[in-house]
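Next come two complexes built around chain A: one with chain B, the other with chain C.
Then we have the complex of A and B:
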C-alpha cells in the first residue's frame, strides 16, 4: 500500500492499480478464509453446553463461558504434555541446528572431496523413505519405544533443510573467510564468528521448519509412544478431540457447562496458540531465508 | 556436460532402487523370524493379560492402577491396556498391525476390518472351540447357539472352528422416533400408512407444530452419505444399518439391498419428498453434530437413532427451548407393495480374539477373563466400574458419573455393549428414574421396548468383512452414496439407478454377490 501513497518513481497505470487492487482483494479473501475456522473454533470453545448441543455457534460465542478452558487448564492434564512438547521442541531445534550447520558447512566447500558422494546419500533419503513396518522395528530395536528421545532424534536431520543451509553457506563470500584465515582464524572460529553471525536468516528459517515439525509431530509419538505420561501435546489433544460413537453410557445428569465439542475446540486453540505467537517474531527471517537458501538449491 | 551428469544421476538412482528393494526384502524376512521367537518368550513371562479394545480418549489401564485392581479383585487376573487411539478404528488398526509385525501381539484384542482373517489362516490366533464350553461356560451360554454356528461358518480356514468372540445385539437397537407432542399440538394421529406419513410431514412443515410462530421445522432428514434415514429406507423393506446397505433375501436370493427394486422405488419416493422440502435440504451436509444440533434445537419431527438414548434428545431440547418434548417410536410403515421394518443387526463383527499361545497357565487366565466377561451377574459391576472414578453411590445404588476421559480409565470389559440385551439396557435406564429426569428417561425405557415390535433381522447378518475386502469401493459403498444422494437431491433422474446397478455389478459386485451367496448357502446348512 505504501507504494501508492509515496508516489513511486515509476508511474502506475490505471491497469496496474486495478491489478494491485484485485490481488489485494484476493489475498484478503484468502486470509479471511484461513482465519474463519480458527475464529469459529475459538467461539465454540467459549460457548455454553446448550449452544454447543444445539449447534448454534458460528463466529461468535453463544452463551459466553470460560468453563471449557477452566476444565482444560485445571483438570485436562495438559500441562505435562505441554512441557514435553516445549522441551522436546527447544532441545530438538538446538540439536538440529547444531548438526545441520556442522554437516552443511563442510559439504558447502569444494575442497571437501567426498562432498559429492555424501550429498548423493542425502538426496537418496529425500526420494526413498523406509516402509513403515521396518522403520518401526528398527527404531524400536534402538530402544526408542516409549522413550522421550523418539520425539527428537528422528527429526533432527532432514535432507531438505540440510540442503537449504548448505546452499546458503555456498553463497557466503569466500573473500571474507579468506581474510579471516589470513588474520589467523581457525576453521571453527571462522564458522562460529564469521559465518554464523551472518547466517541468522537461514538459521531462523530452518529452525522454524524443525520447530514446527517437532511441535506438530503426531505420527512418531503415535507409533512409538503408548505411555500416556510421555505424550506430547498433540497426542494429548487427540485424546480430547477423539469423540465417542453413537452408543453412550447411561450416566447421571451432566451438570458442567461444556460438551466434548467445546472441550476439543479449546484444546485445538490451545495447541495452535504457541505457534501463532512465535510466528511473527521469526517471520521476517523466514520470508528472507527461504528465498536465500533455495535459489540455487 | 549436463547430459553426462543426468546419465550419472539416473544410474545412481537405479542402483539405489535396487539396493532399496534388497534391503526391504531382508527387512520383512527378519521381522517374521523375530515374531516367532519373541512371542513364545513373551508368553512365559507375563502374568498380566494385555487387552486392546475401543478407547475414545480415556486413560490407559496400567498394572497397579485402580481399574487394574478392580478387575483383579473380581476376576483374579490382572488386565492391562495401553492407550491406543481408536479414531474410527483406523489408528487402532495401524498400531495393532505394527505390534503384530513386531511379534508382540496383545494377548486379547478387538479385531477390526477383517484383520483376524489372515491371522487365523496363519495360526496366530487361539482356537477357542473346545476351550469356551469347558473354561468359559458363562460366555458360552450368554451367546445364543445359532450365533456360535454363524461364527463357525465364518472360519476362514473352512474347519468350522471358533476364533472370534462375536459382538451380539439381541434386540433391535435402532429405530425411528417422532415428536409425539407435535402430533398432539396439531391434533394428528400417529401415521400408520405411507400416505398418512407424508401428510404428517407436510403438516410438520407447514402448520408450525412447535408453536414458535416461525416456519423453522424440518419434518425429517438424516446425515451425510444418506446415513441415519432408516425411517424412510425401512418403509421399502430395505435392510440398512446406519446408512450401510445390508444383504438380505430379495427375489429369493441373497442380494445387496442397494441394488434392488426396493431401493429404486425408495429413492424415487425420497427424491419426491426432497423436492417438496419435506427432507432437510442440508441432509447430505449434516455431520453428527449438525444433525443432532437440529434435533436438540427442537426443529426436527422424525429421525432415526437409538430409542434407548432418546432421553438425551429430550433433555437437550428441554434445556435449549424450554419445551418438554414427548418422543415416541414411529411404528414401522409399509410403502404400498412392501413390508416395512427397522433393521435389527444381531451380529456386529468381532468382540475379541485371543493370541495363540502354548502356555496353559496363560490360556487359563484368559479363559477366566472371558468367563467373567460373559457372566451376566457381573455386568452391572463392570458397568459401574471403579467407585469414585466411574460411579458414585446414590441412595445405596451405584450410578455412573458423567463421562470424563481426563479422569476415568477406559473400561476394558464392556460385555453389556458387546453382548447387549434389552433387559440390561432397561435396568441401567431405570437407575436414572430420578425426580428430575424421570419424564425423559421413562420415554427411553418405553421406546426401546416399543421399538422391538417393528424390528426385523436380515439374512446377511454376520457376513464377514472378508467378503468385500478385495473391493474397498463396495465395502465403503462409494458408488451407492454417489447415486443415492444425487438421485434424492434430484441431480440425477431415477433412470440413472439402472446405470448404478450395472456399474456396481461391473466393478466387483458380481464377484462379491457370488461370494456372499456362497457364504449364505454354507451358513444356512
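Then we have the complex of A and C:
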C-alpha cells in the first residue's frame, strides 16, 4: 500500500491525467446518482401539501415545513414499532453472539474430532433451505405465530456467520490457550477470559451482520405477524407507504399541511436514519467481515 | 459410519471415557447451537414430506395421509409453475449479466483514484443503500417513479405525459435491475477493493519503471489479478440463482406486474401461506430447494476447480 502511494510522486503523463480525470468524473456521477433518491425523498418529506399536490418537488423542499414529521412522530403510531425493532435487534444480537461464540469455539479445534462432522451438519443448512411452507408450519407449531420472539429466534444463527467466528478462533495463537491450560484453566474459562477479550473486532463484525439482518427483516414478520401491535418498524413503514389505515383519513383533513406522499416520504427517511447513525461503526467493521467468510480457513 | 467415527475418536484421546472427561465442556458449549439447528433448520426440512401428503391442519404434518406424487403432477401441468420458473430464471440471468459487472468496474476505477478523501467519500455514499431494507428501497422506488415523483417530473419537463411505471409489465425488469445495482453494487465494490488492496505493490512499481500508463496497469495487472475473485463470486452467485430473495420482489411488484415479477419466493408466500395451499406450495418450494442444492454444489465444485480455495467449502 505504501509503495503504491509513493508512485504518485512520479510525474504522470498527460494521458494518465485525462484517464484519472475521466474516472473521477464517472465515479462522482455514480455517487451523485446513488444519493439522489435519498435527497429527493428527504425533500418531499419536508415540503408542504400544496407543493406535493402540484408535483413541484424535485431535490429541494418546496414550502418548507416539518408538519409531516410532526404528524409522524405525534400521531403516526411509529414509536411502538420502533421500540419493537430496537429491542428485538439488541436482544437478538446479544443472543446470537452468545450462541455463535459457544458453537464456534469447539468447532475451531481440529484436535476435537467430532468438530469435523458437526461442521458438515452446519454447512448443509447453507446449501439446502427448508421450503417455506413446512418452515412456516413448524415454527407455528412452536407457538411463534404472532409472537414477538419470531423477530429474534429465526435469525440467531447462520452458517455463514458461524464460520466467520470459527475462522477467527482458528487463527488465535495456541500458545496463549496452552499456557492458560497449564495454569489449570478449564475450557470455559479459557474461552471467556483469554479468547473472548481478544475477539472484540470479530464480535463487532458478526454482531453487525446479525443486527442489520434483524433490523431490516421483512419476510418473517410478513409470514408470522398479523397482530398490528407487534409490527416491527419495517412492517409499519410499508403500511404507511401503502397509504393504509388512518393515514387515508388524514389526507382528507383540509387544514393539515401534508399529504400521504409527504408522510410516506417522512416514514421512509425515518427508517433510514438509524442506519445513518450507526453508519460510521458499520463501515469500520463490515469491510473486515467481507474478507473473513471462508469455510476452509 | 457411526462405528468408524467412534474408533477414530478413541484413537485421538485414549478411550471414549477419557475423551468425554477431557472434552465435555466442548459438548456443553455446542449443545444449544445443535438444538437450535435441529429445531429451526432440520425439522422444517423434514417437514417437506407434506409435499407428498394431503396436508390436513387437523392432523398436522406427521399424521396427514400420503398422496404420492399428486402434488408434483399438478405442479408440472400447472401453467403458473412455468411462469414463475421463467420469471425466476430471467430475473436471475438479468441480475448476473447486468448487475454483476458493476461493482467490478467500480472497484477498478476507485482503485485508480489518487485523492484519498474523494475515494473514501464516494465509497461511503455508494455503500449506504446496502444497509437499508427493501421496504425502504421499495418506498423510494414507488415515490420516485410515481406521479409527482422525480421521474415523472423530468418527463413532464421534457414534454412527455406521465407514466405509471410501477403498474407497467414492461418496466418491472429494468426497475428490478436498477434497484439491485443501486442497493448492492456499493457493497460489492468494497469487497473487490479489499481484494485489490491485498495485491503485491512491487508489480506496479516495475510496471511504472517500464513506462506503463495507468490504464495499462489497470488492464494488465489489477484486472487479471482480480479475475479469480470475480470468477469465484460469479460462480457462487449463479449457484444461488433460484433464491432471489422475497423482500426485493415483494416490495417492488404490484398485481399489475405479477405476470413478469412473480418468483418462487413470492408465489409460495401468496399461494402457500396466505391462501393456505400447504401441500402444493411445499411441492413448489421443494422443487426450488432441490434444484438449488444441485446448482450450489455443482457451481461450488467448478469454483474450486477454477481457483484454489475458490469454493465455499
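One rule holds for everything that comes next: the second predicted complex is superposed on the first by the 247 of 297 C-alpha atoms of A that agree within 3 Å, B and C clash if a C-alpha of one lies under 4 Å from a C-alpha of the other, contacts with A are read in each partner's own complex, and residues count from 1 in each chain.
By definition in this document, contacts are C-beta pairs under 8 Å (C-beta built on N, C-alpha and C of every residue); 3 or more make two chains touch, one makes a residue touch a chain.
In this text the structure is predicted, and so the values were computed from the model without any measurement.
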Just to be sure I read the superposition right, which of the two partners does A:15 touch: chain B = first, chain C = second, or both, or neither?
second
Counting only touches as set out at the top, which of chain B and chain C does A:238 meet: first, second, both, neither?
both
Classify the contacts of A:223 with the two partner chains as first (chain B alone), second (chain C alone), both, or neither.
both
Touched partner set for A:77, first chain B, second chain C, both or neither:
first
Taking the superposition as given, does A:134 touch the first partner, chain B, the second, chain C, both, or neither?
both
In the superposed arrangement, does chain B or chain C reach more residues of chain A?
C
Which superposed partner A:171 touches (first chain B, second chain C, both, neither):
neither
Tell me which partner A:256 touches in the superposition: chain B (first), chain C (second), both or neither.
first
Should A:193 be classified as contacting the first partner (chain B), the second (chain C), both, or neither?
neither
Intersection of chain A residues contacting chain B with those contacting chain C?
53, 55, 127-128, 130-134, 136-137, 222-223, 235, 238, 241, 261
Which chain B residues qualify as touching chain A in the complex?
12-13, 16-17, 20, 24, 27-28, 30-31, 34, 54, 56-60, 82-87, 91, 95, 97-98, 101-102, 242, 289-290, 292-294, 296-297, 305-306, 309, 312, 315-316, 319-320, 383, 392, 394, 399-407, 417, 428-429, 431-432, 436-437
Applying the document's contact rule, which stretches of chain A touch chain C when the two form their complex?
1-4, 7-8, 10, 12-13, 15-16, 19-20, 23-24, 26-28, 30-31, 34-38, 40-41, 44, 52-53, 55, 57-59, 99-100, 102-103, 105-107, 109, 111-114, 117-118, 121-123, 125-139, 141-142, 153-154, 156-157, 162, 186-188, 191, 212, 215-219, 222-223, 234-235, 237-238, 241, 261, 264-265, 267-268, 271-272, 275-276, 279, 282-283, 286-287, 290-291, 294-296
Residues of chain A touching chain B in their complex?
49-50, 53-56, 71, 75-77, 120, 124, 127-128, 130-134, 136-137, 140, 222-223, 226-228, 231, 235, 238-256, 261
Given the complex, residues on chain C that touch chain A span 5, 8-9, 12, 23, 25-27, 29-30, 32-34, 36-37, 39-51, 60-61, 106, 109-110, 112-115, 118, 121-122, 124-129, 131-136, 138-144, 146-150, 152-153, 156, 182, 186-187, 190-191, 194-195, 197, 201-202, 204-205, 208, 213-215, 243, 246-247, 250-251, 265, 268-269, 272-273, 278, 281-282, 284-286, 288-289, 292-293, 296-297, 309, 312-313
